[in-house]
Amino acid sequence: MKKLLPILLVILMLGIFTGYANGSEYDLTLFTVWKTNPNFDQWLSGVESATGLKINAIAEPTDTDTRQQKVVTILSSGDSSIDILHINDEMGTSVKNTGWLVPLNDTVLTDDIIGYFPQGYMADMLTSKDGGIIGVPSYVGYLAFWIDQVKLDKYGFKSIDAKEDFVAFAKAATEGGNYGYGGSWEKTYIHNELGIFVNLFGGDYLDWTNPANKEAIQFMYDMVNTWKVTPVDVLADKYEQMNQKFIDGKYAMLFMWGTGGAFRDAGRYGEDQIHLAPIPQFATKSIFTDSWSFVLNSASKNKEAAIKFLQYVASKEGMVSGWDNVLAYPARSDAAQLLPDSDVKDMYSLYQRTCIVRGRPMLPQTMEFLTDMGTIFQLCMQDKITVDEFCVRAQQYVERYK
Amino acid sequence: MLNVSLIFKWLLAFIVVFIILFPLYWIFTSSITPPGELFSSPIDYLPDHPTLSSYLYLIQHVGLMEKVGSTLIVVGSSVIISTMICILAAYGFARYQSKGLTVALMFILFSMLIPAVVTARPLYDFMRKINLFDTYPGLIILYTSSIIPFSVLILKNFLSDIPASIEEAAEIDGASLIQRLVYIVIPLMRPAIATVVIINFITCLNNFFIPLFYANNILVLSTAIVQLPLKGSLHIVQWDLVSAMGWVIIFPIIIFILIFEKQIMSGIMAGSVKN
Amino acid sequence: MQTKKKFNLLWVAWILILPALLIRGFTTVYPIFETFRISLYDIRLFKGIIEFVGFQNYVTVFKDPKVIASVKFTVIFVLSSMALHIVLGIILALILNMNFKGRKFLRTIVLIPWAMPMVVVGIAARWAFDNDYGLVNDFIRWFVPNFKLSWLIYTNSSRLAVIAMDLWKDIPFFAILVLAGLQFIPEEIYEAARVDGAGPIQSFFKITLPLITKNVLILSIFFTMWRLVSFDIVYSMTSGGPGEDTALIAYRITTEAFTNLNLGYGATLAVVLFLVMVLFSSITLLWVKKIDY
């Protein structure tokens, strides 16, 4: 009896192995962060029926570290088990010149439609040295300005149009344990806001000898240490914590990606509560756009199917389906026009019309660059190095990671 | 006098139990608190509106059953296979002597010194080359390897303490090696085998490094906690889901311990003394 | 005659140990050699660089501030964690050894931290140490109202938090192993001491401690080596932050190898770590052999 048991188990396992080894009835394998979205299956069946493909969708890790490692490892090792990946800007900039992705200029992002995509962003983020465009943006997002109307009313402000308003409002709203400006300044998140302020002051993130950059850092330093309109705790916060505090009424305004899903869930979204607002004018009026793009693995064995998929998601119907199912605001301006009117649509169109829209500044060795910048920023905010010292070191990093 | 000492003992015990159980309790209450009420300061330890919605969300959108299945296949197979080959190896080391064997044993034991990080990258590239990456057999080989030294150590030491007389008698009676192994040795080793199986089961369940770096499609419970769904936006993972996932992992472990406490304790202690 | 029989059948022994030996060897020997080989190259996959540089990586390693920071914290971590392991571990072992009704329950509860994956502990800890919503500050506020501290943004407090979580998870295991040693001390010795008028504290220092010292030392060696290669906790709890202040060396290595794709450099760090481990275990084992009476 005791002899039989192990033998049976071995046989059972062999059976399972072989069963799993033959699981390839799919035309395409998709590695995406949308997989865990509740409406994902709907979106996917839409894609499958439009393209006639059978798609195996794998969930991308949601933890940033893990995700970065997985994507980078898959692409760098020529892992052919994954055809299409869903990657963000950080990953995009680091891999676009490596040859691990297939350029899509002739097959998907052809001349007739490329004009509808945000040009600056496509050039900065998704175009390789050789001019190959390696990804299809799956949505367009803005690092938008959000205000809590409750506080705006409470402190008697009508709108935040310029830097002076920004500072005044921040100061007014800082009382009773609450703060005027909320941030997500954790080591790997700060680069977003750092970039915004540098842009708002008219500086250049990749040139730290520019005096406007120094002004921006000084401004942020003042927010924390001089005017104290931002708590130093933000140095530990990622978006989860920052948003929660915003919802709880601890902040009056902040910059955040997305269309406010978290605020809606908490019942705090609305004209009279938390909502999008136009970017205030500092030296310039500047806004960041980001996206997650679908890219094609050079090692893929299913390139034809992959191209079909990419053509669909780059099409107007594909984009609208993205909005309908997973609230992905279309990256194509013509597709965006097809959406029903909404506050999001209005504000996004406003941003496009009135602001300088840029992709976030990134270098090939993205993670190291942004991590190092985050580290010295924290040192500066905590008074361990001066603003001047920060600029010197920042410039060194730019040189090193180019 | 006696009373003071007894009170003192209970106090110490209480402190220990509190330190251990309090955080677990917090994780549990977080998992049954509706998201809107989750972040309150001070913490509400008795949620007003307990709900299982986080757990339901996990089951619906995380493919929990699938992950449990994968975990059982990988962990179960690894434990079974490694136990079998380590019983054989333990017998070889315990009942036979030679310089070469000693070297081999030392090799296996000292290989515990080699941290997973040192071998990670080349092993990853190698597994990919021979197509064992992200496969059940591949993962099972890695898991098995990770628990071989410990198993061999425990089983061999146990066996060394058992006199070979019964086996020799059986041999004289004409029993073959296999018969001796199956009918005499293995039954004799049952307590050690039970211990090794139980401890290895836990060790494998908790292994995070291997499934993280050596698999994509195959998802196990320990890595599931870094792959939780994004609700609402692409940038946020919520504590209510994290805590629920945490308890999904913790709960079976607690049950497991309650059932096997005796074996685990005696196993850990036996292992240490033989050192 | 016995020896002759064993000698003839030696090949049987080799067959018996072969599966275990092969599997173990396959996953350790080849990768180690390969790691060492790669460490002699400068490989930066993002930039497409693969070139032979000999021992240059080793030179860079000793000057790299990130590595130095990692090493610094690794040393701090290992030393303080081990010191507390020993002190608190022995205390816990004594508690577990106490004769009272709740003993079985206590021993069961104490197994839970050991049985949990470190990842879960780490991720929960990330939230637990949050200033506003975390468990730790909430608890402290029971005693010190208005206590505020963002644990994970300051170097010292985040290091403390990491060490604390490592202790929480690991001390029970250490304590149980010490407990095993305690079991072997016969009750009679304590009886005799009591008769002679020795109090409990004296008993501990003069009887218990000397008898378990060797056991504790050997355990400490293993636990120290396990601390040296800690990875899970940093990964799940702090991602090495703030800055690089809690980036233990194992975390640094995997970051270089799998995130930054500086394979050659990562391999160099791995080799150095490996040599440190070998050195440490050799020295301590020789030392233990010496004090073995």
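Worth a mention:
Read from first to last, the chains carry the letters A, B and C; within each, the first residue is number 1.
By definition in this document, contacts are C-beta pairs under 8 Å (C-beta built on N, C-alpha and C of every residue); 3 or more make two chains touch, one makes a residue touch a chain.
Owing to the predicted nature of the structure, the values given are computational and were not obtained by experimental measurement.
Contact with both subunit A and subunit C is made by B. No other pair of chains has as many C-beta pairs in contact as B-C. Chain centres here are Cα means. That of subunit A falls 37 Å from that of subunit B. The centroid of the Cα atoms in subunit B and the matching centroid in subunit C are 17 Å apart.
Annotation for subunit B: residues 39, 125, 213, 223, 226, 239 touch two or more other chains. Within subunit A, residues 69, 73, 244 each touch two or more of the remaining chains. Multi-chain contact residues of subunit C (touching two or more other chains) are listed as 132-133, 235, 254, 258. On the subunit A side of its complex with subunit C, the touching residues are 65, 68-69, 72-73, 76, 94-95, 98-99, 186-188, 232-233, 235-236, 241, 244-245, 364-365, 367-368, 374-375, 378-379, 382. Within the complex formed with subunit B, the residues of subunit C that make contact are 6, 9-10, 12-17, 19-21, 23-28, 30-32, 34-35, 38, 92, 95, 98, 100, 102, 104-120, 123-124, 127-128, 132-133, 135, 138-139, 141, 168, 172-173, 176-177, 179-181, 183-184, 215, 218-219, 225, 228-229, 231-232, 235-236, 250, 253-254, 257-258, 263, 266-267, 270-271, 273-274, 277-278, 281.
The part of subunit C that touches subunit A in the complex is made up of residues 44-48, 130-133, 150-154, 235, 239, 241-244, 254, 258-261. Contact residues on subunit A toward subunit B in their complex (touch as defined above): 2-3, 6, 9, 13, 16-17, 20-21, 31, 33, 36-38, 58-63, 66, 69-70, 73-74, 77, 79, 81-82, 239-240, 243-244, 248, 257-259, 261-262, 264-267, 292. Partner subunit A is touched in their complex by these residues of subunit B: 35-36, 39, 60-62, 73, 77, 80, 84, 124-125, 128, 133-137, 182, 186-187, 212-213, 216-217, 219, 223, 226-239.
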